[in-house]
Amino acid sequence: MSEATAHSSAQPPVQVPNVEEVLLDELLDRVAAAMESQLRFVTMTCLDSGANFELYYHFASGSHLRHLHLVLPKGTEVPSISGIYFAAFLVENEIKELFGLPITGIALDYHGRLLLTEGGPERPMLKERPVEKRDV
Amino acid sequence: MNEYSIGALGVLVAPILGGLLFGIDRRLTARLQARIGPPLLQPFYDVLKLLGKAPSACNNFQVIAASLYLVTTVLGLLMLLLGQDLLVLLFVVGLGTVMLILGAFSVKSPYSQLGAQREVLQMLAYEPLLVFMVVGIYLHTHSFSVSRLLELDKPLLWSMPLFLLTQTMVLGIKLHKSPFDISGSHHAHQELVRGVYTEFSGPTLALIELARFYEVVLILGFNWLLWHTVWWAGALLALGSYLAVILLDNVTARLTWSWLVVFAWVWGAGLAAANLAMRYVGLARIQ
Amino acid sequence: MTMLIRRILGNLLAKPATRPFPVVSREPAPGYRGAVEFQQENCVFCGACALRCPANAIEVDRASKVLRFDLFRCIHCACCAEACKRGCVQLRPAYHPPVFERPEFEFSGAPVVASESRPAD
Amino acid sequence: MGLLDRARARSPWILHFDAGACNGCDIEVLACLTPVYDVERFGMVNMGNPKHADVLLVTGTCNLRNARVLRNLYEQMPDPKAVVAIGACALSGGVFHECYNILGGVEGIIPVDVWVPGCAPKPEAIIEGAVMAVQRMQERRRKLREGAGSPNE
Amino acid sequence: MNLLAQVSMVPTSVLAGVLILSPVAFGLVVYAVRTKWSRKGMVSAAGWGLTLAALCLFTKVALTHTTQAFTPDLAGRLTWDIVIILLDVVLLVWFFVIGAWLRNAPIMLLAAAQAVIVGAIETGLVAPKHHAEALYVDWVTIIMVMIVSVIGSIVAVYGLPYMKEHEKHAGIPEEASRRPRFFLTVLIFLGAMNGLVLANSLLWLFFFWEVTTLCSYLLIGHDGTPDARRNAYRALWMNMVGGVAFALGMLVLAAAVGTLDLQEIVGRQVQAPQQPMVLLGLGFLVIAGFTKSAQMPFHSWLLGAMVAPTPVSALLHSSTMVKAGVYLVARLAPAFHDTRISSVIAVAGGFTFVCAALLAIGQSNAKKVLAYSTISNLGLIIACAGLNTPLAMAAAVMLIIFHAISKALLFMAAGVVEHAIWSRDIEDMQGLVSRMPLTTVVMIIGILSMLLPPFGVLIAKVAAIEASVVMPLALFLLVIGSTLTVVFWVKFAGRLMMADPVVVFPHVEHLHSMYFVPLLLLAAGAVVFSLLVVPLLTELVIPAVAQYYAFMPVRTEDILAEGNVLGVPWPFLFGALALAVLLPVLYSRLTRRRCTGAYLCGEQDSQATVTAFRCAGEVTSAVSVRGYYYEQYAGEDLHTGWMTAASTLLLMLMLAGGWIVR
Amino acid sequence: MSDRTTIPFGPQHPVLPEPIQLKLTLENETVKEAVPHIGYVHRGVEKAGERMDYTQNVFLVERICGICSFIHALCYCQGIERLMGAEVPPRARYLRVIWSELHRLQSHHLWLGLLADALGFESLFMEFWRNRERLMDIFEKTAGSRVIISTCTIGGVRRDIVPEDLEMILRELDALEKALDVAVNGILEDRTVKKRLVGKGVLPAGQAIVLGAVGPVLRASGVPVDARTDGFAAYGELGIEPIVETGGDSYARTRVRARECYQSIELVRKAIANIPEGDVIIRPRGRPNGRAFSRVEQPRGELIYFISADGSTRLDRLRIRTPTSANVPALVAMLPGCEMADVPVITLSIDPCISCTER
């Protein structure tokens, strides 16, 4: 084994290309535009960055990924895009359930019971919530 | 040997023969799939084990249904052995099948229900074929009884060759073999789990399995009738169609119920009718 | 269909593909990451293996020099073997046989305590 | 009774339930059915229906949702029955110990008779486990019979 | 023996009078005295009277072994013939008035046509008048009289509580009750039906025939709803078409044979070479039979008739009135023995047998299934009559008996269920076994008695198939039809039996005694008569058939040699089956079984009171299983067109049959 | 009472190898509605990925799915390598292709076998799974485990394959290809199988894109999207043409997968022929920092990892989008209108991997 072609640990953070910032009120229009240009819906990603939620909407045209980036303070309601992209219903339910991000109007709403079961953890993906290890 | 001892012997020997046939089926299927397969006696182990399981049934009727299924199949076999009326035999055996279906219907379980619905359609598919075969026999002997048939000195096969095909089809349907296994199969890898058998379990299921031992002998007995003059020729004929069904099972996928009914009625009943028509025309010419 | 018929009839005539397990046990390949074995005599209880284990199957108490290994947690990734500079942990090419009861494996610096079992439930 | 015991030993029908495994153990369970391993030699058939099964093979770490299913399935299996837990996840939760939605193994949800360690265990180990489960079932019956003093159930 | 001897001394004409007139008299009392007790008393009295009279007639013939044609006397010059003619006139005028009242030209036209034709016969315009014996008694007649009187009485009694509840549900106050009119009509019908089966003179037969048409019309329209009126009207005009065909048949026969004496027509026809004209006349009568028995293409009226209160369906539209059609065809059968039209009748009957069974598969309305099954079975009986061999005729008679019992039972049970759940939909009856176990068991017995051995219907069906081997086409139809029959019955029974697998002993429902007793009687009848199938066949049916084919030597052995049904050791079979039922019951008593609910892929909700499972969103959802009706294969819309066309073609062929070279 | 039949299809169902429930609403035997109920396999891997050391995560993500475990690890490692700016040695890249393609091959064998089984074609199931055992043996010999081979790691691979073993792989693949001809002929040309597959679960290209379908499902609808064309690992050098069918039905999906088996065999052969000598691993310096996407092609389709790291040993966020979660909406859209008997076939036709979907 050889030593690596080394990078210093102080390298600048790598950035994701093709990210467009969007505001909450233009979200649906932008998604509709994506639909019109026949972009394939890839998925959504939610990040808990303290006071805010960061939402990425990932789309693809052919093999190229494009992202919409939405930052919003916790507690803000987000409209569902499943009316435009039905495929988003699964991941929207998931985000709603795991992060507690209020997404409204999901085409097929599981009401917070997609993945989690009563009596189990709630909103486990939030940062401030330490995960209790469960023992039998 | 009087007829009672024949009957008693048949009732005792048939399940052994049937179990062995199923054993051969499983063993042969395994060998066709490059496996070693279970021991030849596996079906007997299965039945014994099921008998020893804790009694569990969803309602009393299920037990009655299973027992009627068994008893009618045994009765059917007895009637065959004692040279009784074949048509009555068919309906007596049909009673058992209907009871099995009703037993499956008696539980509000979707898989059992759908399985039962499809079993009804299976009956719809094969029952006419059996009746036509019996009619074919009548046209030779002017009697519906087996005993009269046995007095015939020429094998039926010469004048009823197409019935060998329809009988093979009936066998395939009855044994739930691909492509006819719409309502339940031995291995549960199908959309209806085990179809009609889903809700039967433990000793109740054992009765059904035992009934199936008798049933396979009974159906093969029908095949045997096609060449009754030389006993081993008939047995070979029966074994041949049994092996053909196993081979077919291994080279086809399961098809759907609508296909089955159409196929059985167009091809099965078609072949049967063609053969009967040949016979009728032949008889008319003789007269 | 003809190809398949030929194939299955060929199967019928050929020897079955079934390995005669358990009559003849087939040795796993030489590099197989199977049974975890500890050479306790060389162990210095540095805890490198425990640190690297993704499944927390190894527990090392550096103070009292005790190593506990939970077979039921082990995912056979061989991280411990990679981590151990002294070669005390190795994955032998053999599989752990099934057990009726949860085995307990632990050893300490000295004296050596053999593995023993406790009832599972 | 000897005959019945022999029949029992030779005809364990299998129900396999995946309680949240990664599929690794499941495909190894399935591989047991295939020509190379062929568990049907031991009379084992994958029944897929708890009402017909004798041995329950469980893989995967449980969560609340599939634990409910697992209990239901176990409940529907007629006695005598045995449970084989397969793979690190079913044994203890394995690599998923940091996950929030696991209960950590099958034990505690239903009684387990045989543990098959490994990630994923080899098909040989799974077959061995199933055979051991049958032994366990027999032993339990023998004990029960000796204890209760009645030869029949 | 002394009593029996006395019974056999009673003149047949007296018994006939009791059978025909007493129900009418009781009916008039019911109509006049409008109290609960008069209704109960009179209907019961009529029932007992009819039953006793029928039994007396049975005993008498059994002891004397004679068939007998006779004409009862009335006072002096006034003969019953004249009374019948007068009543006929009244009846046809009544029909005309109904037509006028409905402002319906076809009805008026049909009534007028009948009047003209009957007038032409009566006035001797067509052929010189010839004396015809009015009534005739033989075994077949007696079997029919027994069915009409016994089952009719049972159904009439059952109708008492039924109609009460029926009116209560419809919100009709006691003062405005139409029950007196209802029971009057029913009782008149019973009298007329007895007259019909006893009649030997075609004119008498025609009169009673038209009375049953009228009763049917009144009873179908009894509820007075638009639906009821529409269907009553349809039943009326179709049956009047049959009436016209009947009258035409009489006309042709009167011209060609010169007599309206049924026995004589049959007798002469058997001896003489078959003349096309006579066959045409017989063909018209057969068409009349087809309309009354709701054979294709006339089957739609019987389905419409299902709007009537259920006792009507049980009595008129399954066990008795519709049997008049097949009875007539069967009566005539020896006359066209060994002719081409006989074959056409067999095929037409078989065709209806298959088609109605197919259409029954597509129905989810329980009464419609029963109606289609009735049509189907009547088709089978007609096919037997068409096959026209002693074995076939024996099968036909057996079918008439067993079908009457089972179908009346089924209709009555369906009526009880309807009054409990206020629905006729089979889907609403699913799991009935856990809500109304008693009724369901009765219903299941009824269903099983329609399709399984060792019940009589099935034995008759086997005999029919065995008889049909002489005719490949009919054979084909019978085989296909029997299989289709199994499908809809098993589906039906399956729906009733689908129970939640809970270990609670179902609460047995309380049944009104006037429901319970009739149901019990008929269910017991279905079982007992099936047990007695061998003596029934050898002692009753075969002698009847032998009388029938008096022109050819019929011996029991000959009939039985054709088929082997009776060679089967039935008692042994019964024993084995009984054992197969009893042992599990015993076993279930002795062992404690465990029920773990239905298999629902592991997601069964054991807390739920019904069979339910957890699904998306962790919600509990009840399992619902709908029956299959295969609408895409067995839908009414799909088939009615071509079936009507094909069956019409068959009827044409039958009429022309006499001219087609044999 | 409802005039429709509602039945639970799963979680435990013999034709479903994994727990998922479809609540089917039937009219006669026609499916009117199918509502998926998942969560039986949800463990919370994304959260565990934030709590475990980023190097240990390799073994965690491998166990998201045991069928394509190597490719999960590959995707994760490529993401981390991107964040650390690490360059993987060429031999390691070729070995990654070899193991990836062998995994794809075994996964497709597994799937083709399961499909045959769901069709009641037991002997064909046995045939595929018997052939698959050759691949399992290859894994055991080259990687030390049959299922979860744990050879991919950050900076390369943990084991080299010695030349004799490469030879052995080639020999085995030759034998496999011969056996595959028979089995593939069985599933693609058999009339009974065709009757069950052709025209079942049709997904037109436009709908497939809108529903976000990926992998063989998308390609079977005529859309040539294959992440391997991005050229990760050694795919750039080896060259790859996406396999496309235009039928859009279950049969087309079966064809795509069957043809991909041959493609994988070719790729492995090419990779073995061209494999360079040299190291198989580097030890990258530093810690991952920043946000990066990693995208690879799993047997089931496009697999995407989104990794957010802040320079510590724990990741800030590990988001995993698996191909099946992208194909489930397509499944929900395809099922209504099909026959009950076709439900297993259509469900299988997206090659569902529930443990991927739920993580």
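So that you can tell them apart, the chains are marked A, B, C, D, E and F in the order they are listed, and the count of residues begins at 1 in each.
In the analysis below, contacts are C-beta pairs under 8 Å (C-beta built on N, C-alpha and C of every residue); 3 or more make two chains touch, one makes a residue touch a chain.
Note that the coordinates shown come from a computational prediction; the quantities given were computed from them, not determined experimentally.
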- Message: Taking contact as defined at the start, I'd like the list of chains shared as neighbours by chain A and chain F.
- Response: D, E
- Determine, using the mean of C-alpha atoms as each chain's centre, which chain is farthest from chain C. E
- Taking each chain's centre as the mean of its C-alpha atoms, give the chain farthest from chain B. A
- Averaged-CA centre spacing for the pair chain F and chain D, given as whole angstrom: 28
- Using the average of all C-alpha atoms in each chain as its centre, how far is it in Å between chain D and chain E? 60
- Whole-Å gap separating chain A and chain E, where each centre is the average of the chain's CA atoms: 72
- Query: So, what's the distance in Å between the C-alpha centres of chain E and chain B?
  - Reply: 36
- Listed in rising order, chain D residues that touch 2 or more other chains are 17, 34-36, 38, 41, 46-51, 63, 65, 68-69, 73, 78, 94-95, 97-98, 100-102, 105, 107, 119, 122
- Note on the structure: Residue ranges of chain B touching at least 2 other chains are 30, 32-36, 54-56, 110-111, 113-114, 187-189, 193, 198-199, 250-252
- Got the chain F residues that touch at least 2 other chains? 5-9, 11-15, 29, 35, 39, 42, 44, 47, 51-52, 59-60, 63, 123-124, 126-127, 130, 133, 145, 148, 190
- Query: Considering every pair of chains, which are in touch?
  - Reply: A-D, A-E, A-F, B-C, B-D, B-E, B-F, C-D, C-F, D-E, D-F, E-F
- Task: Please name which positions on chain A make contact with chain E in the complex.
- Result: 109-111, 113-114, 117-118
- Of all residues in chain B, which touch chain F in the complex? 29, 32-35, 110-111, 113-114, 178-179, 181-182, 185, 187-191, 193, 249-257, 259
- Touch list for chain E against partner chain B, complex: 431, 433, 451-453, 458-459, 462, 465-466, 469, 472, 475-476, 479-480, 482-484, 486-487, 490-491, 493-495, 497-501, 563-565, 567-569, 573, 576-577, 579-581, 583-585, 587-588, 591-600, 610-611, 623, 625, 627-628
- Can you name the residues of chain D that touch chain F in the complex? 15, 17-28, 30-31, 33-36, 46-50, 60-61, 63, 65-66, 69, 73, 89, 94-96, 98-102, 119-120, 122
- In the complex formed with chain D, which residues of chain B make contact? 26, 30, 33-39, 42, 44-49, 51-56, 186-189, 193-194, 197-202, 205
